[in-house]
Amino acid sequence: MLAVTETPLAAPAPVGDGNLVLDLLTGLRPESVPLWAVMATSALIAVGLAVALISLIAMFSTWMERKVAGHIQCRYGPMHVGWHGWLQPIADGVKLLLKEDIIPKGADKVLFVLSPAIVLASLLGAMAALALSPNFFFADIDLGVFFILAMTSTTTIGVVMAGWASNSKWSLYGSMREAAQVIAYEVPLGISLMVPLIVAGTFNLREASAAQGGWYGMHWFVFQNPFMLPAFLLFFTAVLAETKRAPFDLPESESELVSGFLTEYSGIRWSFFFMEEYAAMFLYSAVGAFFFFGGFESPFTWAVAQMAPHTIDLGETIGTLKLLGEGSLLHNLVAVATIVVKAFAGVFLMMWVRWSLPRIRIDQVMTLGYKYLTPLSMVCVLGAALFELAWIRFFGGAS
Amino acid sequence: MVPASSGPGPIGGDPNLQRLFYGALALLGLVALVAGGLRAGAPGVAFGLMALLTVGGALACVWERSVVRSAFALMATFMGTAGIFVLLEADFLAMAQVLIYVGGILALLLFGVMLTPPDLGERKLTRVLGGLAVVGAATIWIGMQVAGSANFSGQPVLTPGETADPVTAKDIGVGFLAYDQYVIPFELAAVLLTVALVASVYIARRKRSDYAEERR
Amino acid sequence: MNATAKYAKNVWDGLKSSLVGMQITGKYLLQKPITVQYPLERLPIPNRYRGIHYLEQEKCINCLACARACPIDCIEMDAVRHGKELEWVSFTLDYQKCMFCELCVYPCPKDCIHMGTEFAFVSYDRSEFKHDLLSFKGMAREAKIRMLEAEEKKKRKEAAKAAGQEVADEPESDADAEAES
Amino acid sequence: MAQTAPDSKQGASPSMSLDEARVLPSGEREFMLDVRTQDMELNMGPQHPATHGVMRILLRVDGEIVTGAQPHLGYLHRCAEKIGENVEWLQYLPYTDRYDYLSSMNNNLGYSMAVEALMTGLEIPRRAQMLRIICAELNRIGSHLIAYGTYGLDIGAFTPFFYAFREREWMMALFEKICGARLTYSYIRIGGVFNDAPPGWLGEVERFCDVFEQKWVEYYDLLMENHIFVKRTADVGVISREMALDFGLTGPMLRGSGVDWDLRRDMPYSLYGEIWKDGAFKIPVARGEKGSLGDCWDRTWVRVMEMMESIKIVRWCLAHIEPGPIIGDVPKVLRVPTGEAYVGIENPRGELGHYVVSDGGKVAIRVRVRGPSFVNVAVTEALMTGTLLSDAVAIVGSTDVVIGETDR
């Protein structure tokens, strides 16, 4: 939807703003098909891709989580389905699909069914702002990060709804904790993101990534400002709380609330919440990668971009296809690989933390959010801004 | 903390009434979508959808008997409003709307509302009638105002000599802070909200005499 | 400790102890797991393991010592005695009750009931937990032959007695030779 | 600590004065918002991850704050004491395995010693005593490992549990080699032990001690020193010295409150008196290092430190063990002389007392067990009031109850 309304409909000229799918479709368009239909098709393709991406991420992440947990705990983890159990998520998915669909008797049926949908839909919306490579993205939103923050904050409502609709006291506890926790941590999350935003000067993920391309692709924001690393630690902590990961997994703290807001859920509805959790982890890790660790930029991406351009002609309708050089196919592929590796490195870090640390109590979660993270992130923003000012004032702002 | 189902009967009230209401809502939505599509193509459909979310959410909020459901219906209203902001190319406003209203205020609202036991006598005609009269009068007045001033031809209204670059909603979004004319009302609204918050806490406060009774 | 120092110490402690914990778990992440893939690979089970019983039926004399020693009376045995020989009807052990305490093993005068190393015991039906430890029912072939022989000898003895003759006992070796023929 | 028992019919019974701020032991002031709320009854258990079995705790909660708690027992009652009055002396031994199934060796030891106390003239060989102590102390380590690991689970840390189980697995493999069972050993018999150690077993125990000492450091760093863990457990569920004595707490619960009392030293049995005189081990007593004395952290600390002391005892025994007989002169059909005896021993969870009465026959006429968990769990009711729901879980975990023993 956003892709449709983002560019003015009347103006035909630069349609895709460099988006590969949209460019391809526009190139193939016969005269009789209106432009908005092409853009709608492109948007639908993007939605399908986002759904597939979420499923893939969730599948790989569950496998990874079980493997990481297993090996940290001197176990193997899943081993039987496929090589080292890599097909286990599919087996689990089939099992979850075939499970009996249970809705508790006292539950509010409408809300009970609706809440997994809301949770997953809001995350799908957030995925729209994610750019996978410089020329492959769903919707080029100027306020990309802001959009992601806004959409992921909506999942809270879904979780609260799940807890309420289950009509179980444990679920209610889970949803109350979720509401309190997310409200508390959205503030430090946003403020700690301000630090790279000050340096980057843009909300857009692609532009932020492009700003880190110097130094052979290693001119990342973490190296640009001394306040960036503490800001990243604060951001990481806030992300753990936002995605309900241990040590902040209070909404579903197993040992206290049985399963929290998930207590009454089973089967595929239950798995929707987990898909959301893992996709949110990936998404936030990607945001962290874009705004702290160089986004698409790495020495590999830089090397590919430096190659001499090489194009092949694919006929009149499609036009030319760039194989090497900046903005080429190979460049995009390397960029995709870079960002995926970086994002999964973040996911791995979250898992590592989860399997190492105990859970925090709810009042300590509040204390940590309001008394530690928020002021510290404000200090970081102030320091980063002053540092930038001083840099520009005394060194001519060559950063 | 009383669960939703503690009242007599199903949560939503009479199932037939529920069906009637939501059927009418779906019909309204269909009308909105078709009308929008016929009038302005794809953006029209998008607007119809957003209008349905906004208005339907508001209606469901008023209709629903369970307070928590009402609060959840509010989410649709907020999202619809955000969508309309997007259609008006006020992206920042839309996202701020979602972030603050859905992620923040609605969650806080739910926090409070979930602690409230359901009011079983809330849909009595005598109680609803007064509110209905006020709301109806307001609707009629706003409708008349809109009908009098709206431009249905689709063409921009230009006074002779003015160029076609009017103030967009995007500018209004920024203007809340930039233009002097909106700052005072904005701040006043903030003060009013704070006062309301403090007042509600004061009303909900447990008095010492209450303890004394319970301790006995 | 004033408030500021406490605040800083909290931040430092939280960060440091988390990193120490992650260092320990990270160390194990790279090591080889210590568990085994159970159905494919089994850990060795020591000889003294108290698993499912087995019975050396030929030695057993139906003395009920094990059944008496059992704290929960889960052993039941039934045999018919033909002179010195035993005809087995049943020797059941109810594994729904059995708590594998090994108290049944020690009183056995013939050392014929043992506990094996088998432990996996899965069934869809509870009645299957009542195990019959007998490897054969009735009598062993040799025992039967011995019994028939003894009976025949008795008959012959009686017949001889009836005939008024005093016949000396035949030597064992002859009896064996006859049995084999 | 005046307590108001939660009453399901009446309204809230606030445990503390709501219009005053509660002053925490650390000096911070905790305020309660003065908003009208309604109390809710919450059934924690019988099936709940934090109740360590089938215990049910009826909580009365005001939001996250627990205003009343009442543990309900009896879901695992198996009439163990009555069975003891119906089966022969030796036949009761497997039942003792089952009340505190995490420390069966100690239970066996307690019961055997109670019966031996009646059998005058029965001398237990020195090697049997040594083997008994080795097994009991190894089992104490295993039991404390479970306590440590599951407490980590209660607090939300998964991994320490698996590390604890790794070492416990080895310990169980050792027991499997010496007696053939992994959980319900029935190894220590009246008059001695029933099997000598297989060849090489003592060497393996030595290796276990070596490895365990290295791993123990990791346990301590991973959980005990963790800031989150400290914050979750310090100043939570504080049992004062007087309160501990009033509730009759024993074992780590008592020592966690700073009372220096251990039956192994103060009422020595078996060879413990000799080992203590040799200076082989110490009794860890909590000092309130991270918070106030007697909090959950102190109790866990006592357990973790006791593991190391047990290792020292095992090492002493390994150094002094000599070949010899392993069981005294016990008749096959046991007839215990008339009399009554009470023997209390230091179990991992506290004082396990066996009171047996004999009329000279093959069967006891009375067997009574004083289970430490049963006594210790009573204190949760007093501790939980006024804490948060998460603290309630932490408190139940820190009492380290085994439901098999509370119910027997």
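Order as written gives the chain letters A, B, C and D; numbering starts at 1 within each chain.
To be clear about the criterion, a contact is a pair of C-beta atoms (placed from the backbone, for glycine too) under 8 Å apart; a residue touches a chain by one contact, two chains touch by 3 or more.
The structure presented is a predicted model; accordingly, all values stated were derived computationally and were not measured.
Undergrad: Which chain is most remote from chain C in terms of Cα centres?
TA: B
Undergrad: Counting C-beta pairs in contact, which chain pair ranks first?
TA: By number of C-beta pairs in contact, the leading chain pair is A-B.
Undergrad: What's the distance between the Cα centroids of chain A and chain D, rounded to whole Å?
TA: Measuring from centre to centre gives 47 Å for this pair.
Undergrad: Indicate the whole-number Å distance between the mean C-alpha point of chain A and the mean C-alpha point of chain C.
TA: From the centre of chain A to the centre of chain C is 59 Å.
Undergrad: With centres defined as the mean C-alpha position, give me the chain B-chain C separation in Å.
TA: One centre to the other, that is 75 Å.
Undergrad: Between chain A and chain B, what is the gap in Å from one C-alpha centre to the other?
TA: 29
Undergrad: Mark out which residues of chain D touch at least two other chains, giving numbers and ranges.
TA: Residues 40, 63, 159, 163, 166, 222-223, 226, 228.
Undergrad: Would you mind listing the residues of chain A that make contact with two or more other chains?
TA: Counting only residues that touch two or more other chains, chain A contributes 72-75, 169, 176, 355-357.
Undergrad: Considering chain C alone, which of its residues make contact with at least two other chains?
TA: 10, 18, 21, 24-25, 28, 34
Undergrad: For chain A, which residues count as touching chain D in their complex?
TA: It comes out as residues 69, 72-75, 169, 173, 176, 246-247, 249, 253-256, 258, 355-364.
Undergrad: For the complex, give me every residue of chain D touching chain C.
TA: Against chain C, the touching part of chain D is residues 87-88, 90-95, 97-98, 159, 163, 166, 173, 176-181, 184, 186, 194-195, 198, 218, 221-223, 225-228, 230, 332.
Undergrad: Can you list the residues on chain A that touch chain B in the complex?
TA: Within the complex, chain A touches chain B at residues 1-2, 4-5, 9, 36, 40, 106, 108, 110-111, 118, 141-143, 146-147, 149-151, 153-154, 156-157, 160-161, 164, 167, 169, 172, 175-176, 179-180, 182-183, 186.
Undergrad: Show me the residue ranges of chain C that touch chain A in the complex, using the header's touch definition.
TA: Residues 7, 10-11, 15, 18, 21-22, 24-26, 28-31, 33-35, 37 of chain C touch chain A in their complex.
Undergrad: Using the touch definition up top, name the residues of chain C that touch chain D in the complex.
TA: On the chain C side, the touching residues are 10, 13-14, 16-18, 20-21, 24-25, 28, 34, 43, 45-46, 48-50, 69-71, 99-103, 106-107, 115.
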